[in-house]
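Before anything else, here is the set of structures, which you'll find just below.
The following pair of complexes shares a single chain, chain A, combined with chain B in the former and chain C in the latter.
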Partner chain A sequence: MTHQAHAYHMVDPSPWPLTGAVAALLMTSGLAVWFHFHSTTLMALGTVLLLLTMYQWWRDIIREGTFQGHHTPPVQKGLRYGMILFITSEVFFFLGFFWAFYHASLAPTPELGGCWPPTGITTLDPFEVPLLNTAVLLASGVTVTWAHHSIMEGERKQAIHSLTLTILLGFYFTFLQGLEYYDAPFTIADGVYGSTFFVATGFHGLHVIIGSTFLAVCLLRQIRYHFTSEHHFGFEAAAWYWHFVDVVWLFLYISIYWWGS
Partner chain B sequence: LMEDIQTKLDNYRTAPFDARFPNQNQTKNCWSNYLDFHRCQKSLTAKGVDVTPCDWYRRVYKSLCPMSWVQKWEDQRADGTFPGKI
Partner chain C sequence: LLIAVFHYYANCQQIMTRTPLASRSFSHGKVETDEEFDARWVTYFSKPDIDAWELKKGMNTLIGYDLVPEAKILDSALRACRRLDDLASAIRILEAVKDKSGPHKDIYPYLIQELGPTLAELGISTPEQLGIDKL
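And then the complex of A and B:
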């Protein structure tokens, strides 16, 4: 009889960490090849490998947890720590871009005209689409909380509806932001204003897309009865990530869109 | 010639300490006085008044600013692309 005398999960050997590392290598070297030799093949290959790795690795985690029961309470605790630490690292990532923004905007150089916004920059009105975007994300925070309570209370239909609504709101934000980007009177090449604006909001938008994808996976899993009212950590992780994305937007809105206008 | 150099040294003057710019980086000092001179000149000539009070700013910026910066700003003002508010 081969039983483990502990509640932890000794994971079976898996090729996905290796394929993930190879994907990272191909993507980075592919980026360099694109810069110097105008070929995107290596980078595209790396991206495909990355997508395959993510799909199969996370699929395996779902199999191990939901279908095979390996996610005992201590294992789930470890997963919680992991997600919290990851989100914390993302906070620091954004902190860097906020640092850059404040460095440039608190003491604007003569090249900008000694003022912020710099001379020649027409900023976006913070009380137009950006305010709508704020409302959209705040509303999505409400709907994702509704979804969580629905799951905990065993309300299957409501959980599906509120989770769907959350995802739709996420898409709406992305759509609106896309329009803003297209119609903006300035570009990323417009000095430090353009750089700080588009890098900070751009990475935020990428995180909205990632978060929406995570929530969409949760929706699929909820429809397929993966979650119980007591155990639905995948959903909780997605909800934490979504709230983080919302909070980053609030800081972006206050700092760059409002104070910086 | 020795006397000329001596008198030159005695008459040596530069911009005095300005407490608004206490640190080593004097960029803002130069920029501020350049702007102030041109603003002074613009507003006083608009009123048709003597521009002598503007001399102070001119002498300070001429002492402090690198010539290349002044040249660049002069060219920008001629072009209409000067970023500062005058």
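And then the complex of A and C:
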């Protein structure tokens, strides 16, 4: 049996980085093909390949960590750094869209009537569904913290319940936003108001869906006894991501829905 | 508070020469006088290399205050519009002034009269002259 004289994880050769890169290539060139030649085949192929890559790559990580014991404390530390850096990069991603919003709304151009909201735009009432959405996400922050404490205290049933509740709240948010999008009196094509509103809230919604999926995977793993009370970094990463999504929403709500109305 | 009230009624009664008290009454620290307020805004719009964003931002902030800007501030803003080749904003400023005057219908004609030479010099038509003052 081979041994290593260090606590780090030298990963076995894997095809998933390559398939991931190929997927990225097919998706991007597929996008161009769709624009010019009206065919979605290449892009669809790329997307399928991406989904397969994600599934298999993360499955392998779970195997390496949970079943093969490769996630020693220093390895876990590295994973923590990684998740923190990733979330930080996402913060900067959203910062860009907030910049765009404030640039447009602090100094509205004559084309908009020199005012914000622009002439002709009926904004959404921030104290209706958007406020409910705020409450939903804040509540989900509470339930995910409850889930974390349940896991740490070995309360299996409670962990499953609170994690399920968190995911349901996430779905409820997505559902409500979907209704809002459908019933909104303005579209993405309605000037810079429409652009900033739908791009910022749209990417946020996408992140809610990603976060909900991440939490759902954690739920599945919790049910299958993957987590211990001491070691459950996958869940922590999902919880961090979920809090990040919540914070972004709070900024969106204050800036675009409330101040921007 | 008394000064603010006085200014409000003075405003109603006479041709406007003074803006209502714009600065806030702090419990401590220096309170900005009307002259200082006006000078600050004239300086803001007088920046030679003011950019389009700063012009629009300045106008939006100014219009957000509970007052109608003095002619000298508007003059400075109109000249900034000229430097930026922004006729649309120049005319919009006049519309905003009329809107800010609210029920005090004498303010707008007075300011148009005060700004007359500047409007002529810069070639800015009023909304009335363009026929766009009626919806």
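Simple rule for what comes next: the second predicted complex is superposed on the first by the 260 of 261 C-alpha atoms of A that agree within 3 Å, B and C clash if a C-alpha of one lies under 4 Å from a C-alpha of the other, contacts with A are read in each partner's own complex, and residues count from 1 in each chain.
Assume a residue touches a chain if its C-beta (ideal position, glycine included) is under 8 Å from a C-beta of that chain, and two chains touch if they have at least 3 such contacts.
The structure presented is a predicted model; accordingly, all values stated were derived computationally and were not measured.
With the C-alpha superposition on chain A as described, chain C and chain B clash in the combined arrangement. By the touch criterion defined above, A:Ala237 reaches neither chain B nor chain C.
By the document's definition of touching, neither partner reaches A:Leu79: not chain B, not chain C. Residue contacts after overlaying the shared chain place A:Gly113 against chain B and chain C alike.
Look at A:Leu42: by the touch rule set out above, it reaches neither chain B nor chain C.
In the superposition on chain A, contact of A:His103 is made with chain C only, not with chain B. Listed for chain C are the stretches 3-11, 39-47 or 57-65, of which 39-47 clashes with chain B, judged after superposition on chain A. Chain A uses residues 109-111, 113-115 to touch chain B in one structure and chain C in the other. By the touch criterion stated above, chain A contacts chain B in their complex at residues 109-115, 118-120. Taken together, the chain A residues at the contact with chain C in this complex read 103, 106-111, 113-116. By the touch rule above, chain B contacts chain A in their complex via residues 27-28, 31, 35, 83-85. For chain C in complex with chain A, the residues that touch the partner chain are 52-57, 59-60, 86, 88-89, 92, 96.
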